[in-house]
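Quick heads-up: structures coming right below.
Heads up, the next two complexes both have subunit A, just with different partners, subunit B and then subunit C.
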Partner chain A sequence: MLAIIWKDIMLEMRSRETIASLLVFGLVVLVVFNFALDVTPANVLELAPGLLWVAIVLSAVTGLGRTFLIERENGCMTGLLLAPIERSSIYLAKLLVNIALLVVFEAGLIPFFILIYTVPIGGNLAALCAVVLVGTIGLAAAGTLFATVAAGTRARELMLPLIVLPLQIPLLISAVQATGLVLAGHPLGDLGNWGTILVAFDVLFITMGWLAFEFISVD
Partner chain B sequence: MVDKISQLFLRISPYAAFVLFPITLWCVFFWVPSDAFLGLNQRIFYYHVPAAITCFLGFASGGVASGIFLKTGNKDWDHAAHASVGIGLLFGTILLATGSVWARTAWGTWWTWDARLTTFLVLWLIFASYLLLRMMADDNEMMPRWAAVLAIVGCVNIPVVQFATRLWRTIHPQVIRNPDGGINDPAMQATLGLCLLAYFVMFSWLWALRVRMLRMHDRVDYLLDEAYREGNA
Partner chain C sequence: MSNDAATQPAIIAERVERRFGNFRVLRGLSLQVDCGSVLALFGPNGAGKTTLLRMLAGLASPNRGTATVFGTALPGNAKLRRRIGVVAHDAYVYADLNARENLAFYTQLYRVTDTERAEQLIERVGLAAAADRAVRTYSRGMLQRLALARALLHRPDLLLLDEPFTGLDPQGVARLIELLAEERQRGTTMIVTTHDFDRGLAVADRAAILGGGKIAWQSSGGLPDADEMSRIYATTVSPGA
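Let's turn to the complex of A and B:
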């Protein structure tokens, strides 16, 4: 399992193509929304949480498909599946790689987001990062599970968002609400039900991915 | 087992539907009293609520059948799940359409982002993506398993979607088991029960037809393969 993680990370470190395209894509989304919504200092607190999450979700859904595509392109998936490890370990390895990838991407995106929209972050940067991290885990858990499915369909770039976005709506709702509270200066303890949904979603989708990957990948 | 159930439905349901639906029409338009506050337009409720329950039934049985399919690998259960989700989606569309018509007269708008409406739209989208996945990967032998996992994940996700959307304020009426302002008139309850029965019968008929069609489709594919192989030999 560690070997798979190491292999994928090395691959990404050498090429940097996924992370670079993710970052630029995220920035493009942020910039495009500036023109679509006309963000001003007066409405930034209302719009910013949604903007951030739309940028993250869209980038994640377009970028996550790659982790299984790189295996498929060279017929490596068969090799992976033949390896003497539990199928669920492959899922967990891919999930961890995806989370790492998204975290690096967000570390680049969030400063840019705060700067270009002049988001009044105050002293709550740590809380914002915590919310983003918990949301990212859920995104990656559902995305990783269905990325392997989407890779086997005809319109693969279209299928992954089609399957994953509706499933992620509860996550998106609570992530946006929690981010709004954090940006408004509330501490993490004030998130209440929104925090609960985020964590519950993470646990649910990691468990389901871990259990279901076996069925998805058997040949 | 799927075969036996669908045979039974094909034998009974068509007749039951032809008897039940005219009766429900008479009940809804002539027999049942109008609602004290909402007046005539409330009558769409008798076709709206059964559609909701039938749609949920379709999605839930799709999830269950998918689970059995993953466990046993029996293709019949895959057909059962496929048919359940497909027909469930049809009833979901009826639900959204009738609800929209009602909301136009009662709330003055075709659509609003209320918790229940949002929940249902999300479910509709999830199971629409299920059908799309089946369509987009029909040349892949793994597809039934993928679809089954998606149906199960979709079903497990239902309570989370409901919980998340319900935290928003809801304006959707709560009519069943509501002491003040619900349907407490015996005629109303009888009409609702009858409509529900008619919808279940309709679902079972359409479901059985769909299962038979999917089975024939598989058979044709198999025979075509066979003929192709013989032609080559």
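Let's turn to the complex of A and C:
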């Protein structure tokens, strides 16, 4: 598993294609909404959580498929499936790479988001990062699983958003609500059901990916 | 080669059927390959040679019938995959890595402990001069050589070669035949699919023709020469089969 993670990170470090496309897409979304909506200090806490997650989810959906697309060239995915490793560990390796890529992307996106919308972050930056991380794990878990399915289809760039976005609605709603609460100054302990849904989504999709990967990747 | 080599056939397939949708590619195929034996498998395009090799490699399951490799029912497990090497139409190498990096990756994946193995194979397949170049710049023949090095890296007990001569120049073909002879001497069981009777028969000790989703003919005793094989092929395989 570590070999796959190392190889993927080395390939990304050379091309920087995924990080660049995620960042450009995410920043453009934030900039466009900044002009389209009248975000003021009075309504920033209502609008900002949704804007942040729209930028993260749309960028993630465009970028998540790439970790499997690099395996399509020269049939490398088959090379991985032939290897004497548990096939579910391929899913876990790809998931960890996707989480790492999204975290790097968010490390660039969140400061820009705070600056452009003048978000009153106060002392809750750590809580915001925690919510974003838990949401990101769920996004990556579902995205990685269905990127495997989409990579085998002809219209793969279209298929991934079509499959993943509807499935991520519960995660997106919970993430927006939880982000709103931490931006309003509530501690993580006050997230209630929204926090539970986020964690449950992570556990559900990681387990599903772990169990289903072999069946969906082999004829 | 493992200890079980002498006691049981490496491959046993019995009435194997493999479908894609409603189309049956393999239609009750039965085949037995002894350990250490090299089978040259001929057959027209679409006969199911690649499907059979993919199945034996654990990439697909039979829809009907049973197939075992070294006593393990297919699609097998990680332990079985450790004993199999595959050279296919695709090279399974990363275009943005060079040959050394690709083999280093597979060395880790297969937990190969011999640290010199990759370097020796790069030399053996004639890629030493290009080993630090990104694979993206390789020709078809160079990719095929690298694929061979990748497949041999972990010293497999079963080598599945799907049209391995494709894209190779005469020097590359000679090297491949030499390497396969060494593997044969080592006791590696091999299946080589090809359309070239001369080359196929040069590396094999058994031959078979796949037609109509079954083994339509197989050699018994000695191998025919290429001319005789060509005649057998013409009478066994109907046009468009």
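Just so we're on the same page, the second predicted complex is superposed on the first by the 218 of 219 C-alpha atoms of A that agree within 3 Å, B and C clash if a C-alpha of one lies under 4 Å from a C-alpha of the other, contacts with A are read in each partner's own complex, and residues count from 1 in each chain.
To be clear about the criterion, a residue touches a chain if its C-beta (ideal position, glycine included) is under 8 Å from a C-beta of that chain, and two chains touch if they have at least 3 such contacts.
Since we're looking at a predicted model, the values are computed, not measured.
Student: Go through the superposed model and pick first if A:L37 touches only subunit B, second if only subunit C, both, or neither.
Tutor: Neither subunit B nor subunit C is touched by A:L37.
Student: Which partner does A:L145 contact after superposing on A: first (subunit B), second (subunit C), both, neither?
Tutor: first
Student: For A:I85, is the partner it touches subunit B (first), subunit C (second), both, or none of the two (neither)?
Tutor: After superposing on A, A:I85 lies in contact with subunit C but is clear of subunit B.
Student: Have a look at where A:M208 lands relative to subunit B and subunit C in the superposition and call it first, second, both or neither.
Tutor: first
Student: Using the touch definition from the top, say if A:P170 reaches subunit B (first), subunit C (second), both or neither.
Tutor: A:P170 contacts subunit B only, not subunit C.
Student: Examine A:R14 and indicate which partner it touches, taking first as subunit B and second as subunit C; both and neither are also allowed.
Tutor: Touch partner of A:R14: subunit C, not subunit B.
Student: Is A:A3 contacted by the first partner subunit B, the second partner subunit C, both or neither?
Tutor: Second partner only.
Student: Name the chain, either subunit B or subunit C, that contacts more residues of subunit A.
Tutor: B
Student: Which partner chains sit in contact with A:I197 here, subunit B, subunit C, both or neither? Use first/second/both/neither.
Tutor: first
Student: Which subunit A residues come up in both lists, the one for subunit B and the one for subunit C?
Tutor: Residues 218-219 of subunit A touch both subunit B and subunit C.
Student: So in the complex, which bits of subunit C are touching subunit A?
Tutor: Going through subunit C, the ones touching subunit A are 54, 57-61, 75, 78-79, 81-82, 84, 86, 88-97, 101, 105-106, 108-111, 135, 143, 150, 154.
Student: For a test of understanding, state which residues of subunit A touch subunit C in their complex under the given definition.
Tutor: 2-4, 6-7, 10-11, 14-15, 70, 73-76, 78-86, 218-219
Student: So in the complex, which bits of subunit B are touching subunit A?
Tutor: So the residues of subunit B in touch with subunit A come to 70, 122, 125-126, 129, 132-133, 136-137, 139-140, 142-143, 145-146, 148-150, 152-154, 156-157, 160-161, 163-165, 167.
Student: In their shared complex, at which residues does subunit A touch subunit B?
Tutor: 142, 145-146, 149, 152-155, 158-159, 162-163, 165-167, 169-170, 173-174, 177, 193-194, 197, 200-201, 204-205, 208, 212, 215-216, 218-219
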